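Two complexes come next, and they have one chain in common, subunit A, joined by subunit B in the first and subunit C in the second.
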Partner chain A sequence: MADNKDTIPAPLTSEQRRKVLLGMAAAPALMVPGVSFGNAQFPTAKVNTTKLAVTDTEVIVGQLHSATGTMAISETGSIQAEQLAIDQINAMGGILGRKIKVIKEDGASDWPTFAEKSKKLLVNDKVACVFGCWTSASRKAVLPVFEKENGLLYYPTFYEGLEQSKNVIYTGQEATQQIIWGLDWASKEKKAKTYFLIGSDYIWPRTSMKIARKHIESVGKLGSVVGEEYYPLGHTNFNSLINKIKVAKPDCIFAAVVGGSNVAFYKQLKAAGITGAKQFLLTLSVTEDEMLGVGGENFAGFYSSMKYFQSLDNANNKAFVEAFKKAYGPKSVIGDVTQAGYLGPWLWKAAVEKAGSFDVDKVVAASPGIELKTAPEGYVKLHENHHLWSKARIAQGQPDGTFKVVAESAELIEPNPFPKGYQ
Partner chain B sequence: MDAFKSWIARSGTGSILLLALLIVVVFPLTMDIFRLNLVGKYLTYAFVAVGLVMLWGYGGILSLGQGVFFGLGGYMMAMFLKLEASDPEATKIQSTPGIPDFMDWNQLTELPLWWEPFRHLPLALIAVVAVPMVLAFIISFAMFKRRVGGVYFAIITQAVALILTVLIIGQQGYTGGVNGITDLRTLLGWDIRSDSAKYVLYFVNAGLLIGVIALCRWIQMSKLGTLLLAMRDKEDRVRFSGYDVAMFKVFAFVLAAGISAIGGAMFTLQVGFMSPSFVGIVPSIEMVIFAAVGGRMSLVGAVYGALLVNFGKTYFSESAPDLWLFLMAALFIGVVLAFPNGLAGLYESHVKPWFARRKAPKAAPAAVEPPAAPPPSPSQKSAPPAALPGGVQGQSA
Partner chain C sequence: MSFDEIYNIALMQGFAGLSLFSVLLLMGLGLAIIFGQMGVINMAHGEFMTIGAYTIFMFSSLTETYAPGLMQAYFPVAILAAFVIAFGFGWLTEWALIRHLYKRPLDTLLATWGLSLGMQQVFRSTFGPKEVSPTLPDWLMGSWSPSEGLDIPINGLFVLALTLLVTGGVLLALYKSRWGLRVRATVANRAMANATGINTKRTDRLTYAIGCGIAGVAGAAFTTIGSTGPTSGSLYIVDAFLVVTFGGAGSLLGTVASAFGIAQTQSISEFFMTGSMAKVLTLLLIVTILMIRPQGLFASKIRR
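Here is the complex of A and B:
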């Protein structure tokens, strides 16, 4: 049982582990890599009562990301991480004795295409679950389909919250997990009293800044907001914003600028002399992936609030990073969402094994309380509201483009997609 | 009998009937509901392509902003459906129950006044067609009265598409922003997501499309259609004959806008959401491609064009997720190089002569037989500009 734990996460709940250990005498071959054992123990008729694409040897899952279009750069990491997890699970013998087979569909950065493809995966291919989506817009487009067809979606991106569906497991942070602890840290460690909020103009930054403002002004009483600005997606001219920042002189710039705007934003900040050495800046939207475009020299000294950084110093993460680089090249980087994507198949595996079934209703029922003890980000647990309990972390950008973790919450932070007092 | 036969041939009724047979009988019998729903979605784009045949093929006015009208029609429908889905019971988790969820997320505490009419289906249905047509009237009246045309008009329509996209994305508290208006459930209590509803909506959609094509064909055969053609080929001559050229162009533009809007509304009903990704420049140009692939002179060809391109898109992206964009590009380049007049042009230049050759030897008996033999009746599809089709006689008036 414990043999391959050091290199591969073993996402069993403790309860389940106990059961497995107890059953070891009866089924000695259990969990030995490569041995197909499940079909006698888990007959297809029993583990699949809802006509999913599950055979005696195989279970088919869907993967729905943008492989083309403007989002491809961001989503590629998730595609790779999910595939890596699935390959690792298959190498361990699969789930309930069945190998996972993936049907890949391309959402093409186009929300209606996401809806069409999700319907195809659920209705035509009868996949047991889907790993996919990245932007909120794509998730909103597929959500009615998943609810109508009773599918199961593992969604990896940190997002705005305000959503909780029976048919979705959210493996990224929701807004309060990412924001509140970070702001408290800024107030305590950096003595920030005045905050300037900046975001791209869509639902995630808007909601995040709404929560930030409430926390700064009333709930956490950290100080005051001296500016709040939004720019259209793809906006690249931040000169007027920089002038406003110079006038307002905030202790903390709190930013959620996304995509190509990020590159222009940090370059222009640096050109205007606002650098990490002189100004405290905390962002919600720069991971290792964005860093590639922004450039370490432009982001050096600024801080990012995420739950995962590639440089996290623990054995699980080292094994994960090594496996990822082995699969996708030594230059590949792993951002927060990539790691969250990696958790999806493992969480699903644990839930299926706990339920003893691939049926969506049973997997969903088994999901709350699922733990991954050896996830790269550390111990995580699935909350009843389908989000993960996870730690919050702050890391500082280095000139070479890596992140140095400078702070970490002591406890797991409870996910709270509908925060009271922040509406 | 001969008069009737020649009318059938001239009016293109045969090819319209064939199309109707295909989409009302053949598709529903051969496809499961998932594929049929996809075809229903493609057919909503066909509305836009049909509108473009009237506007571009017949009127000679290229618009690269038809997504604006498709999108507006879709949004009008989506607003009604969203209000119905946002009853206080379903939205009790929000800080202000009873308003659409995206308004609540954007700190709106009451429904904006201009959303109120969309609580009523009749008003919403009127708005679906009226709002895009009024906008089209304003744009085209302002342009054509100043004799702005050709490439300048095309650029302005693009600008309108861009403006509307920015407006919708920027005003997300009122429009749903980038996400669009999602999670639409029922129409007057009738669950539009169920399979039976999908069948009904498919047939409503198909019926509307056939109706629109018949209407357009009727316009083409009337004096009005002839004038549109004349205007396209010799605008000055028509003007000097005493016609108000600008108003005829406005008519063509408003007509195409209204048709596109119907398609948009049907899209929302069948797909279940509307987003700004249909309003922008890229989808607008894609819609021009549908018409170009089908043949811009042929109403029926435009429908086949929309079907072919979208089938291709779905098929290629399902079978080759990594390569599909290249395959699509190859399809477009192939069509444009091999048959610049689209599928209808291919029919005119290859299929029709082939039928004619086969028919020629037994021309005498054929005159007695009913005209059922060759499937689509000739002459309707895309008469090349040189030979004026249809109701040329009207010109003498």
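Here is the complex of A and C:
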């Protein structure tokens, strides 16, 4: 629905804001002495040599998610978490003495719109970095823009891997940290030998299942694939598929169904008598966010492979959950991607402070090796390949809609976006 | 695989087809009245279904908070409410928008599409962008298992029963009631119907509102199968138009036959090939048949 973009009033206001800011930047001499006092240590001319939207008191960043359209369901959590992190950083005094100001753009679940808006943020607004995108399709659409304009994108979603860019920091997990670890667990703990792969019909599920099949059949030698099926986004009738599953009788249903289809899939599994008590199912696409729609009673007993669950028991996470619920209401839930979105601004802050500069090249150079001891998922570290070292976890859905963590990788898993033998 | 298992799978697969049939028929029925009988291309049909679905969600939330004891009983009442609320909105829409456009059928397409975008935004502002699911009563969940290895989904049975009830009601009303007589007279010849003393404006408004009400019931029923979000309606609209057009606009029996044909083709081919290929095959069949019979399966006999 490309037409949605006409309804968003943001461009006008941000245009005005930019003019005001440029005016401020051009006339620092006119400013009251003392306003820039806090930045004597980090003068603007020094921390910003590439004409980014950085003044003595402010740094402007962009946020690019779908606030409207079919992906709004999933992306809202990321928008909220990124905003929360930015608010918290501002309350602590900002970055290099500057408050973060956000320009929000709406990708409207439409990939060309994402590309257009990212160009606007980088070329017109000169933002210092962008937190955004959710689906792989939207990331692929903005990638050429970020590489051409030398922008910096913090991308929060777990994804299929097979990508690495100087201009992107991936705060979610790639395939080896989620798919392969999950399958190994299924094989070891649940003794699964036969697998039925099900996904929505677009790039992420298809690539994920390709990796899964390779791992099951050749690389990991876990057993065999007895079925592989894809359904269009928005498909809501799974009865025939369920009968096929009943014929194939797999040890493990491995699912990556997304969006509205997800809900229909689990409701109909339950209605067809396939429940957690009778069948082992492992999914890559049900977090606390999806659970709201799916309903705990339909997912009870099934397993989800993620790096973060809201129920994680550690002090960082307790503080994060409390702050999130305070900001967005007691009924709000936090899924895997929401937490990864929350990491973005903090990773950026650490990198900027390490570099002592907002320049994209310097921030990128400073990024590898950045650690976050305060991450809700526990400790994370940024790898040279721009992905995070993080733990993998498996949790079981409970009837009340929460997750109970049943397995956790012993060590942080090294990110490896180009695993050998999977191409 | 033993004979018993094959028999059970065949039975369940047969039911899967029936279940898809009832879903398609229920979503096409309201549209068959509005598009088929009145010629209004109602792009907001899906949103009226969403109104029904959100009604169920509101009833479920309210019951859960204020009268948890009634959780097992709220569903039928909520379905009636879904009809009433969607009916009311339909009535209002006809008065404010549609009645000015009867002579410009193509403009109704634009006007109702705008309406659907507006309604989606209202849903988003009111209920939030996240998808919701009402808490269903226990008797609607799980499966009915008459023998080992045979599971018939109860929500599917429920939707099937509701579809039969609504379809029967509509057929009866259209062919046996005064309202039905007035509708058919207005469709056949508006000027003459006016001359014989039928208030065609009132008839139009009532017809449109009933079509919307049925859409509300359909949306309500689908909460047992899928989820509800602000844009859920757009998932249904294509299938709904497909069913009505293929059946032949203006013929309710055509809608029934077309829903049955599409559902069985889709469901059987889905069992033997991948989901996407099954959809391709079904659509190819529909296109081929529509090329041979552009008026659809059953055309109403009107002198043109």
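Couple of notes before you dig in:
The rule is simple: the second predicted complex is superposed on the first by the 385 of 423 C-alpha atoms of A that agree within 3 Å, B and C clash if a C-alpha of one lies under 4 Å from a C-alpha of the other, contacts with A are read in each partner's own complex, and residues count from 1 in each chain.
Quick note on the criterion: contacts are C-beta pairs under 8 Å (C-beta built on N, C-alpha and C of every residue); 3 or more make two chains touch, one makes a residue touch a chain.
The shown structure was predicted, so the numbers you read here are calculated from the model rather than taken from an experiment.
When both complexes are superposed on subunit A, subunit B and subunit C end up sitting side by side without clashing. Looking at the shared chain after the overlay, A:I73 reaches subunit C, while subunit B stays out of its contact range. Residue contacts after overlaying the shared chain place A:F418 against subunit B, while subunit C stays out of touching range.
In the superposed model, A:D201 lies in contact with both subunit B and subunit C.
Contacts of A:A264 after superposition on the shared chain: subunit C is touched, whereas subunit B is not. By the touch criterion defined above, A:A115 reaches subunit B but does not reach subunit C. In the superposition on chain A, A:T236 contacts subunit C only, with no contact to subunit B.
Here subunit B and subunit C sit at a least CA-CA distance of 6 Å once the structures share a frame through chain A. Comparing the two complexes, residues 67-68, 201, 232 of subunit A contact subunit B in one case and subunit C in the other. If you check the complex, the residues on subunit C that touch subunit A are 1, 9, 12-13, 15-16, 19-20, 23, 117, 121, 124, 128-133, 135, 141-143, 145, 151, 153-156, 222, 224-227, 229-232, 235, 266-268, 270-271, 274-276, 278-279.
Chain contact summary for the complex, subunit A toward subunit C: residues 1, 3-4, 67-70, 72-73, 76, 201, 229-232, 234-237, 239-244, 246-247, 260, 262-264, 267-268, 270-273, 289, 292-295, 297.
By the touch criterion given at the top, residues 34, 37-38, 41, 93, 95, 101-102, 105-107, 166, 169-170, 172, 177-180, 182-185, 193, 271-273, 275, 277-278, 314, 317-318, 321-322, 324-325 of subunit B touch subunit A in their complex. Here subunit A touches subunit B in the complex through residues 67-68, 104-106, 108, 110-113, 115-117, 119-120, 123-124, 135-137, 140-141, 143-145, 148, 160, 162, 201-203, 206-207, 210, 232-233, 418, 423, going by the rule given at the top.
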